[in-house]
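Only one structure is covered here, and it is reproduced in the block below.
Chain nomenclature is as follows: A, B, C, D, E and F, assigned in order of appearance, with residue numbering initiated at 1 for each chain independently.
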Amino acid sequence: MAHNFINQIEAGQTIDDIYMVSDPILRSTTRGDLYIAMFLSDRTGQANGRMWQASEAVYNSLPKPGFVHINGKSELYQNNLQIIINRVTPIDASRIELSDFMARTEKNVDEMFKEVKAIVAKITNPSLKALVDEFLADTQLMENFCKAPAAVKMHHNYLGGLLEHTHNMLKVATAILPLYGDVNADMVLAGIFLHDMGKTEELSYEMSLAYTDSGQLIGHISKTFLMINQKADALTAKGNKIDRAIVDVLGHIALSHHGQYEFGSPKLPATAEAFMVNYLDDLDAKMSQVIKAIDNGPKDSNWTPWQNAIQTRLYRKKFDD
Amino acid sequence: MAHNFINQIEAGQTIDDIYMVSDPILRSTTRGDLYIAMFLSDRTGQANGRMWQASEAVYNSLPKPGFVHINGKSELYQNNLQIIINRVTPIDASRIELSDFMARTEKNVDEMFKEVKAIVAKITNPSLKALVDEFLADTQLMENFCKAPAAVKMHHNYLGGLLEHTHNMLKVATAILPLYGDVNADMVLAGIFLHDMGKTEELSYEMSLAYTDSGQLIGHISKTFLMINQKADALTAKGNKIDRAIVDVLGHIALSHHGQYEFGSPKLPATAEAFMVNYLDDLDAKMSQVIKAIDNGPKDSNWTPWQNAIQTRLYRKKFDD
Amino acid sequence: MAHNFINQIEAGQTIDDIYMVSDPILRSTTRGDLYIAMFLSDRTGQANGRMWQASEAVYNSLPKPGFVHINGKSELYQNNLQIIINRVTPIDASRIELSDFMARTEKNVDEMFKEVKAIVAKITNPSLKALVDEFLADTQLMENFCKAPAAVKMHHNYLGGLLEHTHNMLKVATAILPLYGDVNADMVLAGIFLHDMGKTEELSYEMSLAYTDSGQLIGHISKTFLMINQKADALTAKGNKIDRAIVDVLGHIALSHHGQYEFGSPKLPATAEAFMVNYLDDLDAKMSQVIKAIDNGPKDSNWTPWQNAIQTRLYRKKFDD
Amino acid sequence: MAHNFINQIEAGQTIDDIYMVSDPILRSTTRGDLYIAMFLSDRTGQANGRMWQASEAVYNSLPKPGFVHINGKSELYQNNLQIIINRVTPIDASRIELSDFMARTEKNVDEMFKEVKAIVAKITNPSLKALVDEFLADTQLMENFCKAPAAVKMHHNYLGGLLEHTHNMLKVATAILPLYGDVNADMVLAGIFLHDMGKTEELSYEMSLAYTDSGQLIGHISKTFLMINQKADALTAKGNKIDRAIVDVLGHIALSHHGQYEFGSPKLPATAEAFMVNYLDDLDAKMSQVIKAIDNGPKDSNWTPWQNAIQTRLYRKKFDD
Amino acid sequence: MAHNFINQIEAGQTIDDIYMVSDPILRSTTRGDLYIAMFLSDRTGQANGRMWQASEAVYNSLPKPGFVHINGKSELYQNNLQIIINRVTPIDASRIELSDFMARTEKNVDEMFKEVKAIVAKITNPSLKALVDEFLADTQLMENFCKAPAAVKMHHNYLGGLLEHTHNMLKVATAILPLYGDVNADMVLAGIFLHDMGKTEELSYEMSLAYTDSGQLIGHISKTFLMINQKADALTAKGNKIDRAIVDVLGHIALSHHGQYEFGSPKLPATAEAFMVNYLDDLDAKMSQVIKAIDNGPKDSNWTPWQNAIQTRLYRKKFDD
Amino acid sequence: MAHNFINQIEAGQTIDDIYMVSDPILRSTTRGDLYIAMFLSDRTGQANGRMWQASEAVYNSLPKPGFVHINGKSELYQNNLQIIINRVTPIDASRIELSDFMARTEKNVDEMFKEVKAIVAKITNPSLKALVDEFLADTQLMENFCKAPAAVKMHHNYLGGLLEHTHNMLKVATAILPLYGDVNADMVLAGIFLHDMGKTEELSYEMSLAYTDSGQLIGHISKTFLMINQKADALTAKGNKIDRAIVDVLGHIALSHHGQYEFGSPKLPATAEAFMVNYLDDLDAKMSQVIKAIDNGPKDSNWTPWQNAIQTRLYRKKFDD
């Protein structure tokens, strides 16, 4: 039976399905009766859950967080969906379909990764080629690269988002590099491929999207810079001849790709290639954010709600081409 | 005889050629002898000129500014080129080849304009098509569009620079629009074609590049916005059916294309199309500036001088692809 | 019978009057009973309305938004006024007195407009005089000018606010122009008269104050600039001799009157007249805001709540003159 | 014989007059001959002086700085006025007319001060009246108030400038206070009268304009605040009944009158009166600066040079009223 | 019987103790029954209080704010502690132990003040010694100095916090002054002792922490500066010889000790001593804030909640030394 | 014979000594005679050198840059020291005393390094101890650590400056750590020891102070972070058990020690230890800069010239302790 997604539940439905439960709390009403408040969620959204006439035993049985089978009924409360729970049964995580509970890219991961490899295969500079191949040969890292989101909140914040963002930037770069002949294409392509690689370690994305401790302390910019140097060290240790000036210029792209100090880049772009990676990253992230904000949400207004990251509301009226 | 360009003169050469003279001053040495200091220039640069043993009559004969035939000799003074003048003869402006004296795009203007017209010819939305055609039909404006620089100082600051910049942006947009399917291509192409049109009035570019009075008071952003509305008004007056919402969205692209208030945009981008025009404009301007800064100047260091506009020096070492 | 204004209702009153209803929602209590939550408002404020024992039929009958006759009782809930509704009857908008529901200037509109016309009648420069007269002759525009608010939220945010703000600035200017003899009085007076004219199109003010789509995309600054040029074009087309340099200097005042890029001005003031208009606009807007904030709200403290726009709380203790 | 002012000397004149000399230096030419370089100035400007064939004895006789009688000849050197000195004779300061050497307000000091006193005489609040009278009774302070400049560089930077600025602000306030009825006029007038009083101690203005040590360490804002409290303490000690809340509100105007933290105000305006003093101060200072910049300098362009304090060039073309 | 502190009450306890009551409100339930909502607090925190079945008489008897004896029961409501009140009896403030209701330094006030006096006793410069002794001789001020908090919210926001902060800074300065030999130790010690003295007047700390009217209008920076000058004036009036340059340099430390204009300093540090006081103040305040944020709050995460003042979350995992 | 230092040469001296020559240029006078302009310097400063009656052969013989023996005479020209050269002879670098030509710490390097080692020897946490020992065991790095400057321009910009700055910070930390008991002393000491280690690679300091290419592209912050991870990797590879969370917390100190994004830190301090290192670094750097600026330069004013880095002039009057 197909999962009944949160964002499609309307008030008054009978609920008989599995959801992720988080932050359950045991409370008493003003009359002294016990009840449990909790959040129920899947990859499409979150709703309040209320189990009236609850007991401490039921409360203790709940995973915090984890998966539960819910029997109950939906209603609107203060304009938000609320699920009144009659029965709640813990479910083993191994029995659920994780893709129902975490958002995931709508594109084909295998095809995107294949295209990414095809594009970086065109790199001919020996040092860059060796470095890129060393990353591609790290199967655990590549698995994470295909699975990680690009962010917790901002853009491409779903499983496979990092790959989707990198893949799209590589395609944009391939399309416009012929128009900027003085730019070193190898450096741009290697720079894009690696620019956010540190996000595989900055973020955790097992049951939900979050920052790792190490990610919060160090950040993906410095982690990417470190990975590039560690791979270069490994290649050198294996006897490969790696031009350290090229490693510095590539590391500089990683460090400077946010383009401004206040966005966490410790260096500003100082090569044509660093500028191009910075602009294409920003372009792809912003287009993704803007299109998503315009497509989502209630359509009863020509304007989206205020978008804090871009300091404006967005106009969503469409015109024919 | 080919013009002896300023940037190719070395110390010790005999000079016998035409240059633009500006800011001549009659001075006396500490011994009381009169001499004339002036600037001599062509499209490749500027040098100090000194005429020792000068007279007030010679000084009075000089155009201020204008063109002169110079006989003399080059030397280095305080590390800069200086031309010691033996004889100076005013030359009528009609006799000189203006292209020797004002920098000009190295690309073919006719071909670029033809390509621009071919790209915008793909626009199908009736209101946008009518507006773009109305601009194309304004022959005086199109002549200026092909001749104007894109800036006095920053990027594409030479005759034909506005066309070159617009042309390149249109080609970049054509290459990447297929990768951003939710974006209205017609609006992006029309927006790029028109985004800097006001520079034809903001700048003067007859004998040198400068701001007009009107340009300094109003700015090209508001001038472009005004032109779009004036053309729309003219079309409406002629009985064409122009969707005013489309005119507003196109005007919004013109107003917001600098992307930030402090860069003179009175509105921030609020549509996907406005974001794309803003990013492509910035990308093309910055790549042009960065590549030019790296290619120009003394090559005795791996680093350019400090670039104030981008708050860094640029690294100019090249690596093989 | 006089309307019973929201801001004068105390807990425990019987309610039998007309209010504007907005955002009604049908909900069920934890027992399954249906009730309707809604907002009730007039020009003095807004209260929560609750109709217990409601039905879907009643809910469907409500305008969303619109006017209703309410029978019920007031009470305090969580320290806010709430109206418990026994009966609700939709009312046709044509039967209500709109001035009870939208705030309006307390000054006499006709007298203010008469004074405005008297002040600008002193302008003698032919181009400025022709332009100002062209605006005054546009009766539809002048009607809107007398009706529009000066803002949705900040200062003079009520019907007639634009006129009141412009009128007061003109009187301040008249008082101080003799003290600044080198300033062109005609330009200052014309600049003030027109500086916010674009707000007639930026804002909508039929049933409530809001931004129009066009207003949000373009802004009143650019709209004012466009209006000035359109009127100048119309005059020229009719054969009047209009000095375009004067149109530019007047347009510059419109563009620069916010004084800073981050407040949406694409140009900074570059004439003495533009500086004066900028300062008098800011002075009048801030004095209005500050005095209103000090006069309104609970008087149990010497300090107002935090005022975000001016980054401080305001001290409201009064001293005798 | 009238003084031959620096700004009226043209190249080629015989010089036989008194000037202020500063920063004289004894140098040797490349041939080993001694000469003296110095600056010669009066209240209209400054020129380079050169005495060729000088001796150490002459150099030692020069005041550093002070006044000298110069015999010589003017010339242009590198486009600047230079005076070639044949003979230089020290002059006792008591014999010169100081007003020739320091810029001074063009308005009548006695009349302005009389008007200032007439305006503040209208104050009726007892505490404010007592405070203002206490300042007026301090004859040494009032003498300095009439003599001090308002700044070293920015606006009203000449003897009597502080009085001129305060006087003009009081007149502007008198003109517009009737238009802002909710504002405490006594507080505004007292606030304006005192707002810059600390400049009498922040600046020195005997032979040239400069900051005192104490002025640089403390600033006129805190000095004014201190003066107000010292006068209030003195009145209290003499048995006058001074409302300390009024002293705080007046002190607050002094502290906040620069309007922003980055302009050195430790508090932002928090009363309607503080806002008004802040705006009128800024208006009067900026109008004075802008008008002066437009009126001064070469008239061969419609635009002044770049004005750093207001981040623009100024347009100086005049139109008939 | 020991007071039952708010932060140690768990759900389900019987409550029979004295608390501070604030903001009581009489409300009616949806059935029309009256109840009273109020806040109950002591120095460890605050809880909601609810008295169901209340009457207007009970409501009228409550102090607003003040102390009450509460009989009732604790429960959790929406995850927050709530106290259900059966009986409430007003208590005279003289009968309660104030230290139970306002947070207070955990260090020994007498010992800290003794150490402060011992450290400043080492000052030998006559003017500074006289000034410091004049402050120490002001017993009312010293009593307030020992009692005042250092802030309402940020750091050391409890009774005795000002003394604790000053004491710790003096100890840090004593430890590092030998390492910075060119710094005037007397000036640093006197500067630290006095730097926040104005907080005794800026804040009120009788029944709760708040700003005084005078404090909000003037700020502790200017108040400290004023105090220093008033003490110096008093010493001079008594015939002591006080070097006014030293008073300025000490006043400069008070004015500049926040280090930046946007933090309310009207002058930036301009002496080595002012820099040291600024850094040690900032260091001690930040260390106190950071350590408190790390130690407080739920320990179920390695990270604290977002700390707005320092724009980050804090990592709280501990490692062995 | 002792070297005749540049900063002690007065006009009129006979010069017969070795100096570093840089940027020599061959020029011709207005009469056609050749002369050579060059800079002559040692560790105390720089002077202009002029060799009149020079030849191309002499010019070609000069090192660019390098060391030369000069015979000539000093004079003042435009108020700056200038050396008129009669004879110039190239000198082999091996024959000169480098310490005469590059500024060097005035403290004893060996003693400082011994004290540094003694302080970090107190670290007991096994992971931190192992890491610090791994750095200490890298003799080439420690040699550079003892030799490198702390900056090219700002503070401690001389050989041994990095050690001096680190040493002083460690002593300050040792003095105040007992006053901040909740801070992990091991982490602070290890953090200080390593915080600027990357400067050994960011800067070059053989014949003059400059940035390396790699230093400019990457910066010492990221270089230090990389070094810490490389040493940790090396220890792990050798079988040591290193707690990676500790490596992250130490790396975080390196990344955040500039305290603000705009100073090049990609992360803001998020631990008490990171805050302490940030403050002590800033304190030591600023105290060093401020004291140096006050001590240097002409003493004829109570104020130093404007100090751009701290946005003020500094007051240099001294008072007795």
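Basically, a residue touches a chain if its C-beta (ideal position, glycine included) is under 8 Å from a C-beta of that chain, and two chains touch if they have at least 3 such contacts.
Computed from a predicted structure; not experimentally measured.
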Minimum number of chain-to-chain touching steps separating chain A from chain F: 1
Reference chain D; chain at largest CA-centroid distance: A
Equivalent interface positions on chain B and chain D, same or different at half: different
Selected pair, greater C-beta contact count between A-C and E-F: E-F
Cα-centroid distance, chain A relative to chain E, in whole angstrom: 43
Centroid distance [mean C-alpha coordinates] between chain E and chain B, Å: 61
Junction residues of chain C, two or more chains touched: 213, 216-217, 245, 249, 252, 270, 313, 315, 317
Pairs of chains, among all present, that meet the touch criterion: A-B, A-C, A-E, A-F, B-C, B-D, B-F, C-D, C-E, D-E, D-F, E-F
Footprint of chain A on chain C - complex, ascending: 25-28, 30, 37, 213, 216-217
For the chain D and chain C complex, residues of the former touching the latter: 124-125, 168, 171-172, 175-176, 179-180, 182-187, 243, 245-246, 249, 252, 268-272, 275-276, 279-280, 282-283, 286-287, 290-291, 294-295, 310-315, 317-321
Chain C residues within the chain B interface of the complex: 213-214, 216-219, 221-222, 225-226, 229-230, 233, 244-245, 248-249, 251-252, 255, 261-267, 270
In the complex, chain C residues that touch chain E: 11, 50, 52, 75-79, 84, 302-303, 313, 315, 317
